[in-house]
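Below are two complexes that have chain A in common, paired first with chain B and then with chain C.
For the complex of A and B:
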């Protein structure tokens, strides 16, 4: 189990993470990490993976406070960064075997995982001949073949189509029974289907940490309203807009959260996206 | 090692190309070059002295993809590689490049063997000249270039080291002969590192001087250690402390 206590991490004079308290790995679960661009999601994942160190606070692994050496953290977890660099000349299987070999791990599960990700046909193909989504799946094969207690994935579904994202959700459901998976994502709709816990980073701190349904419950009253540009401008002033569609010339439909709805607005059931947007908007309307 | 050898696709393609080029250039112009009709120890010496610098300079340019720091670094980060894994992988990465070079040298040796098939007692001396000459010399030059490039951080440094060393060797101006890539240059022959000049020796008389062989072994060990040292240096900078 990893515990972060009052962790601060800065790049130059900018505090990317500040006063972070987080516990991970007590239960085998899937944790979604949400936050706006630049909120510190990648930094938090690389800290948990042992790839970087905090400026202040402490990091513990299984009850032991870690010093400068983070090799135990690196052995404990498997980390896939957002910007994967894969050699285009080697085959998918050779690449996965090589990474596992560097960790001193066997590649017994690799063939089964290639099949699971629908890549059984591609194991001998050079990575350079694969699409971005296929390469992403190859990286996921490695992440799960390593069979570590913690898997840290930085936007693993960004290059995947909806079918592949569904397959990813299936894999998480199956594999998370034996480990903790934390993944950063901007696909909030997927979070409800895949994660049991959600951590939201905002303003360098943790704005929310808890079950997914608890985040949904934080959503304020949400309304929809149709109108022209003038009405939309008024709504934007008094509410947090969470969705906007153009219906025709000078005709729009807005979805928004507010404590003071206009008369013509209709109340609707809030979604996780509404809750997340309001939480990270920093506005109290 | 297989992973890194797979990554050396283009350099590997050059090995059969060299073999074909060698056969065309030397096989069909026998007597027309300074190697001459009597392809004895002197022929082998000239073959290696001329071809080794060309092979090394040509090869180091196409090895830059295989020996690219960012690719290695990316895989080490992805796997969270520890110290022994980084050192081992560095050796495998360097070794894959060296094996391609060794493939070139073997091609040259095979060609020489064809030319020598009528000469009695050629096989062991040819092997000795090949191992003490271009095989160990190329290893030293490539390992030095690999290590310097890791410290200086670029393929340009690697190319510069190889180019400087083999150019000085080719023009017989190396300050210290054990650094010679081929060990069969005119300067090496003048220094009698093969017992006498290979021009005046039969294969039965070929015997490298002990001092040269010892110096060569020391350099091979030093080059090997330097690769390990730069791997450790690289690994220290891999994960922020």
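For the complex of A and C:
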């Protein structure tokens, strides 16, 4: 189990993470990591992966406080960074075998995982001839074939179509029974289907850490309302808009959270996206 | 000879996560280039020796020292600081000029080819094959390599890896 206690990490004068307390790996969980662009999601994942060190606070693994040497963390987890660079001339199978070899692992599971991700036909193809989504799936094959207790994925579904995201959710459900998976994502709608726990980073700290349904429960009253530009401007002033659609010339439909709804608004069931947007808006309306 | 250059090579962030230090793994991943550089050096030395009549050893030692220093510089620039191949090539060229040319012009004690230094001044005497300068520069390159490998000792101290900032020019 990894525990972060009052962790602070800065890049130059910018505090990316500040006063972070987090415990991970006690249960076999799928943990979704949410946050706006630049919120520190990738930095937190690289810290948990043993690829960077905090400026203050402590990181412990299985009860032992870690010093400058983070090799135990690197052995404990497999990290798949965002925008992974791959050698375009190497075949998918050779790439996965090479990375597993660097960890001293055999590639026994790789063939099964290639099939699972629908890449059985492409194992001998060079990575340069594959689409972005296919390359992303090859990287996921490596992450799960490494078979470590902790898998850290940085926006693993960003290049995947809805069918591949569904397959990814299936894989998480199957593989998380034996390990903890933490993944950063901007697909909030997927989180309800894949994660049991959600961590939201905001303003360099953790704004929420708990079960997914508990985040949904934090959502305030949400309404929808149709109207012209003037009404929309009024709503934007008094509420946190969580969705906006143009219906026609000077005709819009807004979805928003507020404590003081206009008379013409209709109350609707809040979603996880509503809860997340309100939580990270920093507004109290 | 950089990591992930122009989309080539394995991402250093994944290499480092594979329990291998990218600073030492570089030598293995770049071994074809290192061997190629050694072959170029050997061809140049033997060719010059054949045409000039100079003993091979007199040409081999200074050339090998210059090449070794250049490789050490490239390794440090790329793996310790995450720079791209253009910066690595530029710094290596600068270091090679400093090591091979400047001492011959200004600091004779640091010349890697003592005989050449004297010949440039019209003095035909021969100096030992291995000069003090050659030993000093090789030692300095080894010290810089060692320092770059040990400071920081752990990969997590290399900020450029976690931030994915390796040069990709």
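The rule we apply is simple: the second predicted complex is superposed on the first by the 285 of 285 C-alpha atoms of A that agree within 3 Å, B and C clash if a C-alpha of one lies under 4 Å from a C-alpha of the other, contacts with A are read in each partner's own complex, and residues count from 1 in each chain.
Here is the rule we use: contacts are C-beta pairs under 8 Å (C-beta built on N, C-alpha and C of every residue); 3 or more make two chains touch, one makes a residue touch a chain.
These figures come from a predicted structure and were not determined experimentally.
Asks: Mind checking chain B and chain C on superposed chain A, clash or fit?
Replies: Partners clash after overlay.
Asks: Determine, under the contact definition given at the top, whether A:68 touches first (chain B), second (chain C), both, or neither.
Replies: Both: A:68 reaches chain B and chain C.
Asks: On the A-aligned overlay, A:51 touches which partner chain: chain B = first, chain C = second, or both, or neither?
Replies: It touches chain B and chain C both.
Asks: According to the stated criteria, A:43 is in contact with first (chain B), second (chain C), both, or neither; which is it?
Replies: second
Asks: For A:97 in the superposed arrangement: first (chain B), second (chain C), both or neither?
Replies: Once the two structures are laid over each other on A, A:97 reaches chain B alone.
Asks: Could you look at A:237 and tell me whether it touches chain B, chain C, both or neither (first, second, both, neither)?
Replies: neither
Asks: Which partner does A:11 contact after superposing on A: first (chain B), second (chain C), both, neither?
Replies: second
Asks: If you stack the two complexes on chain A, which partner ends up touching A:81: first (chain B), second (chain C), both, or neither?
Replies: Both chain B and chain C are touched by A:81.
Asks: Applying the touch criterion given at the start, work out whether A:263 contacts chain B, chain C, both or neither, answering first, second, both or neither.
Replies: neither
Asks: Between 94-102, 130-138 or 148-156, work out which stretch of chain C sticks into chain B after superposition.
Replies: Stretch flagged for C-alpha clashes with chain B: 148-156.
Asks: Need the overlap of the two footprints on chain A, from chain B and from chain C, as residue ranges.
Replies: Chain A residues touching both partners: 49-53, 68, 70-71, 74-75, 78-81, 84-87, 89, 95, 98-99, 102-104, 142.
Asks: Help me check something: in the complex, which residues belonging to chain C touch chain A?
Replies: Listed in rising order, the residues are 4, 7-11, 13-20, 25, 152-157, 159, 161-164, 168.
Asks: List the residues on chain A that touch chain C in their complex, please.
Replies: Where chain A meets chain C, its residues are 11, 43, 46-47, 49-53, 68-71, 73-75, 78-89, 95, 98-99, 102-104, 128, 142.
Asks: In the complex of these two chains, what residues of chain A are touching chain B?
Replies: Against chain B, the touching part of chain A is residues 49-53, 68, 70-71, 74-75, 77-81, 84-87, 89-91, 94-95, 97-104, 142.
Asks: Would you pull the chain B residues touching chain A in the complex into a rising list?
Replies: Against chain A, chain B makes touches at 2-3, 6-7, 9, 65, 70-71, 74-82, 85, 89, 239-241.
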